[in-house]
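Each in structure tokens, the structures are laid out below.
Across the two complexes that follow, chain A remains constant while its partner is chain B and subsequently chain C.
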Partner chain A sequence: MIKIIDLEHEYKKDNNESIKTLNKINIDIKKGDFVSIIGHNGSGKSTLAKHLNGLIIPQKGEVIIDDITVTDDNNIWEIRRRVGMVFQNPDNQFVGGTIEEDIAFGLENIGFPSKDMMERIIYAASKVGMGDYLKRPPHKLSGGQKQRSAIGSVLAMEPDYLVLDEPTSMLDPKGRKEVIEVLRELNKKDNMTIVLITHFMDEVVYSDRVIVMDQGNIVLQGSPKEVFHNREMLKNINLELPKAAILQKMLEEKGINFKDEVLTKEDLVEEIWQLF
Partner chain B sequence: MIKDITIGQYIYKDSVVHKLDPRTKILASMFFMFGIFLINNISEYIFVLILSALTIIMSQIPVMKILKGLKPILPLMMITVIMNMFFTQGTVIFSWAFINITREGIYLAGFMGIRIFFLIIFTSLLTLTTSPITLTNGIEGLLTPLKRFKVPSHEIAMMMSIALRFIPTLIDETDKIMKAQKARGADFESGNIIKRTKSLVPILIPLFISAFTRADELAMAMEARGYRGDEGRTRFKELNYKTIDKIILLIFALILIFLIIRKIIL
Partner chain C sequence: MAVILEKVYYKYDVDDNTSEEYGIFDISMTVEQGRTVGIIGKTGSGKSTLMQHLNALYLPQKGKVTIGEFVVDRKSKDLKNLRKKVGMVFQYPEDQLFEETIYNDLAFGPKNLGLTNDQIENAIKGAMEDLELDFESMKDRSPYELSGGQKRKVAIASVLAMNPEILVLDEPTAGLDPKSKKDLLNLLISIKNKRNLTLFFVSHNMDDVFLLTEYVYVMCDGRINFEGSVDEVFQENKKLRDLDLGVPFSVEVLELLEKRGMYNGPLKPMELEELADLIKDILRGNND
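Up next is the complex of A and B:
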């Protein structure tokens, strides 16, 4: 379980003015959870993500992974093995010349025995549906494929938690869908704990819990339904509703009454066909 | 044209050359490069041609792919050839105004051109048949004896492999930037050399900025995946010399030794 207690972070700008990017953050993430963190640029969500595997050491407050506190430099490598991280730009996290080499890179770092590596690589690649592309170089892959293999590279190290910092923001709609599907499957089938940081509302509807951040604070927290119920609040911090919810709202304005608030296209279809 | 650069590209094939130990390939290429500058008659050039052709056939890399790699180097080749042709002293066979073309000059120019040709072919072949990480392992393996003298062999090798890995990415990016600048009316093709060189600035600046951003993000991604130098690291592909490696290395070493001895004697 990941425990974040009273976490604060501030940095100094050039003119010596300090800016608080995180302000007394408290979050508990249990094993098997699918948690989404949303917020606008500058909301502190990426800074928060980097705290989860020791890329940033807490200035104030604590981050505890299972039983290890992220402060001690000696533990940092064990923390990084347990908390796998996928970043925004698919190109800038691809170290190897081919998918198999990229997956191997992480394994090499943790001192995984050479003779078992190939087996683990095949396992990890097939988990993200990239098993047939092992020898492909990154520039012969689509954005979605690159990002899926980045997830595979992390999975190979058998992390307990998977943190993704805006993994879909540079992808086309198809790539975005592929990545989200892989994440949902990992969460459901393998009970993988997933922390998804994003600013796409349509992606958070599948998570168990949504945390909304604004200017370094957690402003809303709850199930996707609960969070999106606070439409005014979301509007105030410039966050849009999922597309299906927007459509439903527009239909409501035209005088159509729905039983339930919806978040996904599927649910909206379900509501609409029961109308007449 | 920019996409034609083959140095740094890797094509996967299940061939003998691909399976050679990277150290063998690096050393053999080095022997070959030294050797190339020691040969000086037609029959030896024919021998080199046959040797290169055999290597290419065994590597299963399409010949066109390798020849295409020569295109960007062509201007450089031309300059070398012309320089050699005009500025070599010897028996004058053609003279016009202040230009003197000598017999020696023509020979030297021809040899220089052929040498550069083979040089590029062999270096392209090395990177086409060896994936960056394998190449890194090879360089690291060759540099390991120098570790005693505090040479950071692992770091050097890692830097080189990342540079190689990013060549296609940066080439794509250059292409994109060029198109973007062209769309805004930039002109890269007309004007004299100075004007054309100046027109490269709007390409280089965005390219450098993005390269630094990439470096920063890559460093973070590497750290996030537990990278901390060669401490406690294992290898995906363990290096091991096989009989074939020894034979190939022996052949190339013998050729070089023969050439060196002949150079000393004659």
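Up next is the complex of A and C:
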């Protein structure tokens, strides 16, 4: 379980003015949860994510990973093994000449025994559907494949938690879909805990819980349905509903009454079918 | 300025022993002054290589590129004057901000053009106004203190400050939140009209391409696979999917309605409001 207690963070601007980017944040993330964090640019969501594996050490408050408190450099490596991070740009994360080398790099760094290494590499690559591409260099991979490999390199370390900071924002539509499918699969089949930070409202509908941030505060959380029910509030903090929900709202304004609020186009067409 | 590409060919030297080829091959297109065209294609399809021919960052190995009065081929030299006319906004352009103040960042380009201080200030004012950035309150601030959306606007303003006649935008809204995204797209549309620019828009977001452009080129493996007006291109839902591309949201909804036997018209891209009217008519027509 990841426990965040009264976490605060501020930074100083050039003119010495302090800006609070996180304000008394409290979150519990249980093993096996699929949690999405949304918020506009500058809402504090990336700062929050960087606290989860010690890239930022809490100034105030606590971040506890199972039984370890993120405090200083003493336990940072163990925390980073437990909490794997994947970032936006797949090109910045690729260090090896091939997928195999890329996954091996992380394992070598933790002194993983070389006799078991190949087995672990194949295991990790297969988890993200890249088992057949081990010898491929990065320039021969699509954006989606690169990002899946980055997830594979993290999985090879057998983390307990996977944190992804806008992993799809630089990908083409197919790449986006591939990455989201891999995450759903890892969550369902392996019970991997997923923390997904994203701007794409259509991606968060698959999570168990959505956390909405604004100006360093958690302003809303709940299931996707609960969260997107607060249409006015989301609008006030410059967030949009998923497209299917926007369309449904327009139809309601045109006098069509639906039974349920929807978040996906499939569900919307189902509702329309009921009225047809 | 009009842009004409004739059989433009550029192949990368790749030092591995596979037979795959990278680059662009025999690309021809004619884009009239003031038009807005979209370039779509999956990662690695040659979009960026193509874009870099528009301001002669790359010279074609075969064929030629004509931009206004400039002709670029494999032997072209002295391309400085051409590059002034073509503004390039690459992905995540804010990574290229480097000065201590916004004013200095925006002045960098115009200074290199040899403008006087007054001309520079006017160019900066005009560019900031177009992007709805307040000159007085922002000029002395550090670009690093700005929010993501604001930084993006400053980076685009630094390109506009050069007064280009052609603007090339590569994923200009990537990584922005939905509201900033929408605002920036609307701004780009009005800037394009106000400055009468010829605009090239590269994006993976089919809804954005539909909103912003009139004509679309679809690239695959370094070639133009097909092209047409936005309406024509986005009706080719099967072809687009075969090329690993998406279709606009409206087309996806129409497909689902068709599957359920509620719709059998063209799978035409449209804005949400129009789609809502169409669905309303479907429901009403059935109940009448």
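The rule we apply is simple: the second predicted complex is superposed on the first by the 275 of 276 C-alpha atoms of A that agree within 3 Å, B and C clash if a C-alpha of one lies under 4 Å from a C-alpha of the other, contacts with A are read in each partner's own complex, and residues count from 1 in each chain.
Convention: contacts are C-beta pairs under 8 Å (C-beta built on N, C-alpha and C of every residue); 3 or more make two chains touch, one makes a residue touch a chain.
Just so it is clear, the model here is predicted, and its values are computed rather than measured.
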Once both complexes are superposed via chain A, do chain B and chain C end up clashing or fitting? clash
Check the residue A:Lys188 against both partner chains and state whether it touches chain B (first), chain C (second), both, or neither. neither
May I ask you to decide whether A:Asn238 touches chain B, chain C, both, or neither, giving the answer as first, second, both or neither? second
Scan A:Gln93 for contacts with chain B and chain C and give back first, second, both or neither. first
Mind working out whether A:Lys225 is in touch with chain B, chain C, both or neither, as first, second, both or neither? neither
Quick check for you: in the superposed arrangement, does A:Pro173 touch first (chain B), second (chain C), both or neither? second
Contact-wise, after the overlay, does A:Lys31 reach chain B, chain C, both or neither (first, second, both, neither)? neither
When the two structures are overlaid on chain A, which partner does A:His199 contact: first (chain B), second (chain C), both, or neither? second
By the touch definition at the top of the document, which applies to A:Pro137: first (chain B), second (chain C), both, or neither? both
Using the touch definition from the top, say if A:Met117 reaches chain B (first), chain C (second), both or neither. first
The clashing stretch of chain B against chain C, among 114-122, 132-140 or 186-194, is 186-194
Across the two complexes, what residues of chain A are contacted by chain B and by chain C? 88, 137
The chain C residues in contact with chain A across the complex are 16, 20, 42-44, 91, 142, 145, 147-149, 171, 174-180, 182, 204, 206, 244-246, 249, 252-253, 256-257, 260, 262, 272-273, 275-277, 279-280, 282-283, 286
Mind listing the chain B positions that touch chain A in their complex? 10, 12, 131-133, 161-162, 164-165, 168-169, 172, 213-214, 217-218, 220-228, 232-238
In the complex, chain A residues that touch chain C: 13-14, 39-42, 88, 137, 140, 142-144, 166, 169-175, 199, 201, 238-240, 243-244, 246-247, 250-251, 254-256, 265-266, 268-269, 272-273, 275-276
State the interface residues of chain A toward chain B in the complex, per the touch definition above. 53, 55, 77, 80-81, 84-85, 87-89, 91-98, 100-101, 104-114, 117, 135, 137-139, 153-154, 157
